[in-house]
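Shared between the two complexes below is subunit A, which pairs with subunit B and subunit C, respectively.
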Partner chain A sequence: MNKVMSNKAVIALYVLPAFILIVALIYGPILITGYYGLMDWDGIGAKTFVGLDNYMELIKDAKFWQSAYHSFLLAFFSTLSLVPYLAISLILAGKVKGSDLLRKIYLIPMLLSSVAIAQLWVKIYDPNNGMLNSLLTMVGVENPPAWLADTNLVLYAIFVAILWQYAGFYIIIYYAALKGIPESLVEAAKIDGASPIQIAYKIKVPLISGVIKVTVVLAIVGSLKYFDLIYVMTGGGPNGASEVIASYMYKKAFDTFDFGYGSAIAFFLLLITLIVTWITRKLTASEDEIQY
Partner chain B sequence: MKSAWHKVLFSFALVLMFALAACGGNDEEEENAASGENESDSSKTIEFMHLWPEGSSKQHHEIVNSIIDEFESDHPDVTVDVEILGNEQYKEKLKVLSTSNELPDVGMTWAAGFLDPYVGGDMFAPLDDILEGPLKDKFVAGTAEAYAVDDVTYGLPLELNITPLYYNQRIFDENGVEVPGTFEELKEAIQTLADNGVTPVALGNKDRWTGSMWYMYLADRIGGSKALNSAIDRTGSFEDPALIQAAEEIQELVDMDAFINGFNGLGNDEAKGYFINEQAAMYLMATWDLPEWTTNEDNPQEFRDSVDYAKFPTVEGGEGDANSYVGGPGVGLFVAENSDVKDEAKEFVSFFVEKWGERSVTDAGVIPATVVDTEGLDLPQMYIDILNDLNEASNLTLYADVQMSAGVADVHLDSIQALFGKAITPEEFAKQQEDALAAEE
Partner chain C sequence: MAQTQSTAGKDNSILTKVGMSVLYIGLIIVAVFQIYPLIWLFQFSLKSNSEVFGMSPFALPQDPKWENYVRVWTDGNINLYFFNSVWITVVSVLLTLLFASFVTFAITRMNWKLNKLVLGLFMVGLMVPIHSAIIPLFSFFLELNLIDNPLSIILSYTAFNLPLTIMILLGFYYTLPREIEEAAVVDGCSIHRIFFQITLPMTTPVLATTAIINMIYNWNEFIFVNTFISSDKFKTLTVGIQNFIGQYLTDWGAIGATLMISIIPILIAFLILSNRIVEGIAAGSVKG
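== the complex of A and B ==
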């Protein structure tokens, strides 16, 4: 086997299928998107080269910046929500009765498809027959808000659904990481008289800091390109109050047949995510590798 | 042992490669075979693409099949090759085929805005010869015109939808409300219903075109049938006082709580749900929903019995009359410009439109764009009434978002949502659309 694996031709042969697929399905389209972004194109007829016009327009487009603001807001709340998820995982990873069952309960939203989750929350938020407003009316609220129709509330109403959707995902990651910490370290700390809070804060969290960094990047990048729940629940409305970058891109490309501009937004979104990822990596970088 | 594994994997990879290569080649071979066939025995094949799969549109599907059978038996040297796709896939595929100039000989298209890019790219053949010939005066006024660009018609409509105001007679009776004939009466009815704690109107304005229908009717009733059209085709302006007044009336209705709570966050299907659950008294929607109130067994009989419809009320002092409708043709048929069997394709289209007109209402509950003689038809009364109303129609205003180009339509729809949500004033509403329309001139 070793002999085989040192043969360059064989290495190339094994790597090639995956390489071709990645280039053809991911990197190729990215470059093509960038190229389309330089065109004035309705998706059907001829393309006209317009240089950087689409990007110049993008920079002046107030609607785009509003949707970008919403995307960053989502990224902020997603990152913030990692703190309670970590806390929950710390408790679950400790010896709590029924933690197995709880873990499964938290994971269930992950198993539902986004569209199903969106429909579920649309029903919950229904202004007249919905679960939430029925509950509010029952406890005596006179005029419960019309969640998804209220321009001031709609964004946050959807954020709740999104955070709920991903809770299980992050909890399971943290849980697995925490389970990987050797029991001997925790026991040694206990013998030295550390309280459970100290163990969690001073030993467990630092030990899984690598995983935490990864989840921060995942949360930020995932939020910036987030699309599905918003598209199904409000389509970016009312009046663009819940528009994010990806839904705005979709709208421009597929509803108004402005593929050139849509591609420019897509490419810009890629740049934003790359830059933000790089900054996040820089900010959270640390020298020491953890060794058990 | 290890090297044996390696051999297995390697040969597996090789097999896969050939399999993939073979997949790629197959298509071409088939195509060659098909075109070879054409040349050899002078029989002609019309490729026909439609969007009514057997699963989701059974009745449509069956009518299409029997029309094709009939056509083929009338023309023994012609075969019709059918390809069927669902709505969204159909649109996607049509777009892809057009970029490689491989459109089917006959296919389905939508009116105005959808048609424009294809006509601009010389993809569709003009069909005026059919309109002037075999199908002269067969269409309801204003329907085939919706498929015209610069006075040349590129599509022949199959469906027609107008938009009546449906109401629930039982709720009206319980609240002592009369069927409104004028806009003043409509407002009184809304006031009474709202005061009694009943939701007057179900509206799912998340979808935006739903609110647009309300606006279009008010614009029509106040400014006459030309006001909105001329603003859109640029012979007039959107800042026409009648169009601004219509926007003011919309906001007045919103202030009266005419529309269901949270309408800007509700989709049309949810709004319809409220109407079907008898939680709202009125619902403005096109005739494609007629089966819901007549034949759909999923809805309770009691509810279906209590639904009736009215023409949208007239506004006092306004120029529009009650026989003017907001509506539009649905899908229509096109013939590809580069089709190699153009004459046969045109014959097929004209045959199809005629036969479809004879059968679609009775067999599928779809109102065709061709004039229907209701005499002796076995249909629910509501269908008969609407078909008769259609024969008296004075005007048909095509849905604004269909009339406009895609970019302007988006501005229009966004403005509608903002207007209903009171985020902009009627003047701003008019100006936004005027600007968008002017920018495109």
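== the complex of A and C ==
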């Protein structure tokens, strides 16, 4: 047994293809991103070493901070939106008829590409022929806003599309966690006279706190990385009003060919992502092993 | 006394019923919010421009224009993008499942010192944002002459999906009994035969789950294709419809039809395999 299962050549043969791929295409690139951040480079010509210039420029770049602010705003709202998702899951996980079907309906948008979702919502928000403004006009609103062209509203309009996309995802996670709670605990609380709201708030929610913390990480990190949907819906506009870190990075690198500066932003994005993940992991360390 | 108690009980149950109905209506409103935009999309995909611009957006298509679909399928290159999406998705999924199974087998079944470290490396990959790797990946593929070559997309999909796939496979491999494999070793079976003829077939259920999750990710992926591919003949649907819509900005019927074509395969997969998809999403997300 041991001899066959310790064959070094076979282990190498089985592990190396995948290992080479992730080192070459994931770990190598993220380290190189930090290195490119030290260069002045247009992506094709020669690289000039400029030290920390790109990073210093980043600190003074008002447009970058504006996009970072938008990213954190999205992260904040995404985290808040977990509360209604949790409430819906608590109801669904009770004995509701058709909860299976409802859950599946909720999930459908999550399965579609961000490009399709973005294009669909561009049509929904269309000022003249869109679904939303027609609905608003029908109920008597005069001059409904041009959602995606309004610098004050565009980010919130995009956030509604994000809600639509991810609602089912979080509901599925919470639902699975809630179904993992032993029935006997809930029964015992019922016998002691606890109301459904007390059971939800004092027993069920604390029992799935590990999963809740994980979803907080997912919501924050996911928001910091938002790209496709915003890139397609507005391209960061109008006038930078919906620019986020990733879209700003992409523009700098692939539209203005400032690969050095783009890399500095990308490296910054990586650091924030890892720090946020690490902090929340620290907070959840004891419950890391929970599985559903 | 008994009387009062029973009335109180009745009141209570009426209250509960009213409360439940209110909650139920809430759940249904959410469901309508989630599904109606797609029904609306389907409706305007069958409309002509005069219907879109001249009538209420909620009106049903008067004379369903299925020719919108035919038109974009052939004139809009959508057929080309569609088949590119299909083969690139299939090849990437197969590569990912094979490589991930190899690794998971070596980590859970074979004895070597570095297995925990290598596993850790794969798991950390879950946290890396694609966007932080995209610039060096672009120059890497440029140097290898793989820009505007589908191989760059396939390799990227495989690499970035490996961590999640391995994570889902791992849970299944740990619960799988080893007796059959041990017996096969005793019988003098070679390691490759054990992997391909015993272990791999036993993991079919979890392979199906990971395959469908991988398929959805690859089918919907945008940023790699948008960055690495420039010629039409290699573009996949996500980037293809983006180009198409850029050209046909005001043709709502055509836009609706392309969007429907891009999401129909996913919807069909969901109708058939919804339980596996739900299971895969729950399994793949919780550890974040």
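The rule is simple: the second predicted complex is superposed on the first by the 259 of 292 C-alpha atoms of A that agree within 3 Å, B and C clash if a C-alpha of one lies under 4 Å from a C-alpha of the other, contacts with A are read in each partner's own complex, and residues count from 1 in each chain.
As a working rule, a residue touches a chain if its C-beta (ideal position, glycine included) is under 8 Å from a C-beta of that chain, and two chains touch if they have at least 3 such contacts.
In this text, all values refer to a predicted model and were calculated from it rather than measured experimentally.
Q: Should the pairing of subunit B and subunit C on subunit A count as a clash or a fit in the superposition?
A: In the superposition, subunit B runs into subunit C.
Q: Once the structures are superposed on A, label A:W164 by its partner contacts, choosing first (subunit B), second (subunit C), both or neither.
A: A:W164 sits against subunit C, while subunit B stays out of touch.
Q: For A:F72, using the defined touch cut-off, is the partner it touches subunit B, subunit C, both, or neither? Pick first, second, both or neither.
A: neither
Q: Should A:L218 be classified as contacting the first partner (subunit B), the second (subunit C), both, or neither?
A: A:L218: touches subunit C, not subunit B.
Q: Taking the superposition on A as described, I'd like to know which of subunit B and subunit C A:L107 touches: first, second, both or neither.
A: After superposing on A, A:L107 lies in contact with subunit C but is clear of subunit B.
Q: Per the overlay, which chain contacts more subunit A residues, subunit B or subunit C?
A: Touched residues of subunit A are more numerous for C.
Q: On the A-aligned overlay, A:P17 touches which partner chain: subunit B = first, subunit C = second, or both, or neither?
A: both
Q: Quick one: classify A:Y55 as touching subunit B (first), subunit C (second), both or neither.
A: In the superposition, A:Y55 touches no partner, neither subunit B nor subunit C.
Q: After lining up the shared chain so the two structures overlap, which partner does A:T234 touch, if you call subunit B first and subunit C second: first, second, both or neither?
A: first
Q: Is A:A146 in contact with subunit B, with subunit C, with both, or with neither (first, second, both, neither)?
A: Touch status of A:A146: first partner only.
Q: With both complexes overlaid on chain A, does A:I124 touch subunit B (first), subunit C (second), both or neither?
A: second
Q: Superposing on chain A puts subunit C and subunit B in one frame; which of 5-13, 185-193 or 203-211 is the clashing stretch?
A: The answer is stretch 185-193.
Q: Hey, what residues of subunit A end up touching subunit B and subunit C alike?
A: Residues 1, 4, 13, 17, 43, 128-129, which sit in both footprints.
Q: Spell out the part of subunit B that touches subunit A in their complex, as residue ranges.
A: For subunit B paired with subunit A, touching residues are 2-3, 6, 10, 13, 95, 98-99, 117-118, 120-121, 199, 205-208, 260-267, 270, 274, 279, 406-407, 409-410, 414, 417-418, 421, 423.
Q: Using the touch definition from the top, list the residues of subunit A that touch subunit B in their complex.
A: 1, 4, 13, 17, 42-46, 122, 125-129, 146-151, 154, 234-235, 237-240, 251, 255-258
Q: Which of the residues in subunit C end up touching subunit A in this complex?
A: Against subunit A, the touching part of subunit C is residues 23-24, 26-28, 30-31, 33-35, 37-38, 40-41, 44, 52-53, 56-58, 99-100, 102-103, 105-107, 109-112, 118, 121-122, 125, 127-140, 155-156, 158-160, 162-163, 166, 171, 182, 185-186, 190-192, 195, 216, 219-223, 227, 237-239, 241-242, 245, 252, 255-256, 259, 262-263, 266-267, 270, 274, 277-278, 281-283, 285-288.
Q: Give the list of subunit A residues in touch with subunit C in this complex.
A: 1-2, 4-8, 10-11, 13-15, 17-19, 21-22, 24-30, 32-33, 36, 43, 88, 91-92, 96, 102-116, 119-121, 123-124, 128-131, 134, 164, 167-169, 172-173, 176-177, 211, 214-215, 217-218, 221, 224-225, 227-228, 232, 246, 249-250, 253-254, 259, 262-263, 266-267, 269-270, 273-274, 277, 290-292
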